[in-house]
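The chains carry the letters A, B, C and D, assigned in the order they are written, with residues numbered from 1 in each.
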Amino acid sequence: MATRVAVAGASGYAGGEVLRLLLGHPGVEIGALTANSSAGRRLGELQPHLLPLADRVLEPTTTEVLTGHDVVFLALPHGQSAAVAEELGEEVLVIDCGADFRLREAAAWERFYGTPHAGTWPYGLPELPGARDALRGARRIAVPGCYPTAVSLALAPAHAAGLVEPEAVIVAASGTSGGGKALKPHLLGSEVMGSMSPYGVGGVHRHTPEIVQNLSAAAGEPVTVSFTPTLAPMPRGILATCTAKARPGVTADALRETYEKATAGEPYYHLLPEGRWPSTAAVLGSNAVQLQTALDEDAGRVLVIAAVDNLTKGTAGGAVQSMNIALGLPEETGLSAVGIAP
Amino acid sequence: MATRVAVAGASGYAGGEVLRLLLGHPGVEIGALTANSSAGRRLGELQPHLLPLADRVLEPTTTEVLTGHDVVFLALPHGQSAAVAEELGEEVLVIDCGADFRLREAAAWERFYGTPHAGTWPYGLPELPGARDALRGARRIAVPGCYPTAVSLALAPAHAAGLVEPEAVIVAASGTSGGGKALKPHLLGSEVMGSMSPYGVGGVHRHTPEIVQNLSAAAGEPVTVSFTPTLAPMPRGILATCTAKARPGVTADALRETYEKATAGEPYYHLLPEGRWPSTAAVLGSNAVQLQTALDEDAGRVLVIAAVDNLTKGTAGGAVQSMNIALGLPEETGLSAVGIAP
Amino acid sequence: MATRVAVAGASGYAGGEVLRLLLGHPGVEIGALTANSSAGRRLGELQPHLLPLADRVLEPTTTEVLTGHDVVFLALPHGQSAAVAEELGEEVLVIDCGADFRLREAAAWERFYGTPHAGTWPYGLPELPGARDALRGARRIAVPGCYPTAVSLALAPAHAAGLVEPEAVIVAASGTSGGGKALKPHLLGSEVMGSMSPYGVGGVHRHTPEIVQNLSAAAGEPVTVSFTPTLAPMPRGILATCTAKARPGVTADALRETYEKATAGEPYYHLLPEGRWPSTAAVLGSNAVQLQTALDEDAGRVLVIAAVDNLTKGTAGGAVQSMNIALGLPEETGLSAVGIAP
Amino acid sequence: MATRVAVAGASGYAGGEVLRLLLGHPGVEIGALTANSSAGRRLGELQPHLLPLADRVLEPTTTEVLTGHDVVFLALPHGQSAAVAEELGEEVLVIDCGADFRLREAAAWERFYGTPHAGTWPYGLPELPGARDALRGARRIAVPGCYPTAVSLALAPAHAAGLVEPEAVIVAASGTSGGGKALKPHLLGSEVMGSMSPYGVGGVHRHTPEIVQNLSAAAGEPVTVSFTPTLAPMPRGILATCTAKARPGVTADALRETYEKATAGEPYYHLLPEGRWPSTAAVLGSNAVQLQTALDEDAGRVLVIAAVDNLTKGTAGGAVQSMNIALGLPEETGLSAVGIAP
């Protein structure tokens, strides 16, 4: 019998991408689709690319509407997931694409979000050590942020292997869909096309504590993180340039071997052959993360560059991958490592 | 047993898109991949989005290499398909993504291509009246051009129903992948980003006679066509704005009904609800064509606007769809009506 | 003594472009800058490219603030110009970048705008026959719409010379700045990048009656116009593909000669050499309109393609050019025919 | 009497931008325009935005052609400038937009370029301490690289003031025109649109030693530099995110004051008000560099972000600014701090 799935927040970019993937997932049946201000409208008006669901009417995001599904994806603004999840039974698999349950430390949450901490759920980044096991059978999953997905998969192996000092300097470029569908002047096409600009500079971006958490866990000691996100003139994709000070004696070969081991057997975590570099185009619409490493001996730094699609592996793909693991389905069901290029 | 498929011209955009779709097609096994100047290189260097095939080595495009497959896709420069096809057995399904076998009239071919006409194969646009039947069991298929796909599906119903005079004025915008991967100055990113420009103006574009052929067949009389292609700053997609003079008495309702009938039951041929217009973003990577119609009473003209992905429905998707029909597989196998947006 | 200039609506794209040009105009002094909801903010927050004016504070759009200038540019939402202009003295040069005073026929205004007609001012498209004379000494000027600028300069000569039937089919692609800075979902970067889409299809776009007016004046008889605007993934630029049925006996040479005459001696109205086609990139930020013509003998149609920058020649450049003429300054002061490319 | 200027390499992007600026420079007369493979063609075919020079015929780059000018701009491939400059008289002002004369240390040149070092010319970045004086009356000028322009202006003040340790981690995004007009597959529009990708990772980009030279000069001690360039989907612009470890006790106020002093009185070197961040759109086509600073106390790092137009301030604008200084003209002649936005 098909798994019955609801999506709360189906009008936004994250919810739309969850639905795009579910439409290609053979084991699920798409149930209720909910929204807030768009409730009552047809999905086709808001997500014209989801043709098979065009006539579906968006319902309000209520417990009543969401009850009766095996899986509920939450793609809601930060701070709204806890209340919804609480009303759903413990046997329901709730997968939160928002930030509410990602952080382990309440203090970090409160500092960056300014509200009480809701809790911590198993973390939907299966490629991190131990994460896949924690997801099996889970009924609550916190999907990582898009930047933390790229950055953690880029640097965690180097930190875990002790190749680098406990610090990281990260500059990442994201497509505009990372900013969501909200009507903000700086997200207008006229403003973003032909332009690169930074935002959340100086450690204030809300993904910073999540990156710190993941890299510190990998390193086994606190890692300081300088993280600068930039907005790039493209709808999708993250390119994360991640560097850390190399520990004495580290070689390019040792670096490469570390990443070969980390990615071995992984369906979506891919170290490129030497001489080739990731691009966001190559992972568009796919669940793959493409990586390459370098050792800059003059600067004494390790570099790892990662490309992901912020909406797929960075959000909805990671969510579906985690769902598959939680439900005991083959992990790759409904997902692809193949990008849409050019 | 899986159908064994070869792709000749696997290094280009059309060949790459055929492979992207075949990677998601459950009934095929991907055999030989060939190229010309890139023979000997690994596919991963040229098509970094096709991760599962990254280590495949491109072979030269020879009869020897292509022999032994059930299906051979040809994604070669114009004029090269006949020689290759001749050497392949009659039982092999040969699907030509090039122009060589699209035109019925030798004179039209010779005028626009300047070489002897190679012949005419069943035409891979199943949505045209009669086309699907001609494809069943076929062993040679000519895949339509990307512009003719969009334009013919836009205007053929109006001509067939006698709603319009036997003339058409068409302006279409295409993404740059329509120009292929050849290194031409006007296709450089620095030149195309932020810019719209026309090309092949005045009826000289090689897709013109194919459009004339399709619309004339639909109308049952010769249709004169003014076709202007333009290059848009996007990698993929065609938006075709198609107009023709309305015959007296035509109403918007009659127009809409005509298209409702033409698209009824079709998996990829989609008339949008009133009030919504096609966009290329909504069909990115999908096999869908999205349509909308209008009657401009002041101007006395019918308008039909179509959006397709030039590489998917406009080339590789149409090719795979035709393959499915020819082989007796379910027509939608390995194809999707869902686009990648935003 | 410098001409003292105010700009009402300085926070928007049209107002910003007027200011960009005025900053390079040696004969003017920039006075009051006004806005509606942004009054009280510094210009640097809203127009970060206008560095020399970054600290200017936007004032409310009131008669009091605007009084005391020699020239007032109005870049206001449609329908607001009449009330403002009325309060300014007759000796003040008022240049309206909005639509209010463009149309001659009240019925056309009312049909497309749904409000009472405010009147008709001298039309700021100096390249049209007679227009330059009407602008000399004028104290009220209606700046043409961006599409009508491109389309009228493309087709008026052919209609005036009787080369074509009194009909026109026009498809134009515009950058997103044509849609203004208003926060509309379809103007988000995530929606427009990588996408082409039509809007205002079927003769309902408000620039249609203005095009009809200009072409009919040129033809000396009513011209029917099919006009389809499309939104292109670029911030600026209009590419207008304009066609009309050729009258019997028209030759390509006659067509070219007509445009050589029409553009002779014009500083910004430029017919390209044969074999070259306009692109919006080549006119970015410039006041030039680049044109090329073709005769499609098979289709029996004349084609004229025009490229303009919608904000420069299509709005603010045309406005400054008209100001120069009205004030008796050299017409090219502060303007350039040189684009910013690539 | 007008200064007579020649441009060698007028067919490329750097040469085209030099010409764009010279066309707006009141004190110069544009003389010979030369090219290599494009010699004999009209400029209009290659630089369609430079309308006033469209009929100029490109001549071969020979001493004969270049002799007889007061100023010669060289926009040639690396390694060709020395031979050309040698043949021009010492009284001729030769301004090299290439790399040949930028580096002071022969060893650095040889390591990164693999050819013998041609020498060192006065460095055309007037905003660096001492640089303006060295340019006055100079007859040979080395224009900085585009990345070193942005990065040096971003970090030199912090290093000079001792606010940071002698190290820097820099990630910069550049528009594709930085890669020139050469026909390379990765610069095709189909490849770059919608994509971010790194290149020259690990300290191998040729601008690295130039950055090291400038920052070390500012710091008064050797600075180690980790520099990662990335290619962004836009034609122009560089956004450089530059960080260095803060020295103990550094405050955000001290940091800001340092930059206020460094930029005081400078026409193009601009520190934005607090709370606003640079964007490449805001400097498009302008000679401005826009900066903002931050102190990340958690990470213990200073951040300075700079936006420039790689072709204007990053190449041709810096060249013209340096020319003005060398010739004793007002430094701002023919240049603007106003960008073209949106």
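FYI, contacts are C-beta pairs under 8 Å (C-beta built on N, C-alpha and C of every residue); 3 or more make two chains touch, one makes a residue touch a chain.
What you are looking at is a predicted structure, and each value in this text was computed from that prediction instead of being measured.
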**Q.** Chain pair with the higher count of C-beta pairs in contact (A-D, C-D)
**A.** A-D
Q) Comparing each of B-C, A-B or A-C with B-D, which pair has over half of its contact pairs in common by residue number? A) A-C
Q | Chain separated most widely from subunit A, comparing mean CA positions | A | C
Q) In whole angstrom, how far does the Cα centroid of subunit A sit from the Cα centroid of subunit D? A) 37
Q: At least two other chains touched by the same residue of subunit B: list those residues.
A: 13, 175-177, 188, 190-191, 193-194, 233-236, 279, 281-282, 284, 342
Q: Pick one for the touching-chains graph, please: line, ring, star, complete, other.
A: complete
**Q.** subunit B - residues contacting subunit D, complex
**A.** 13, 175-177, 179, 181, 183-185, 187-194, 233-235
**Q.** subunit B to subunit A touching residues, read off their complex
**A.** 13, 16, 20, 23-24, 44-45, 47-52, 54, 176-177, 193-194, 235-236, 270, 272-273, 276, 279, 281-286, 288, 290, 336-342
Q) In the complex of these two chains, what residues of subunit C are touching subunit B? A) 167, 169, 171, 173, 175, 188, 190-191, 193-199, 201-203, 208, 224-228, 230, 232-237, 239, 241, 243, 277-282, 284, 292, 294-301, 303, 305, 307, 342
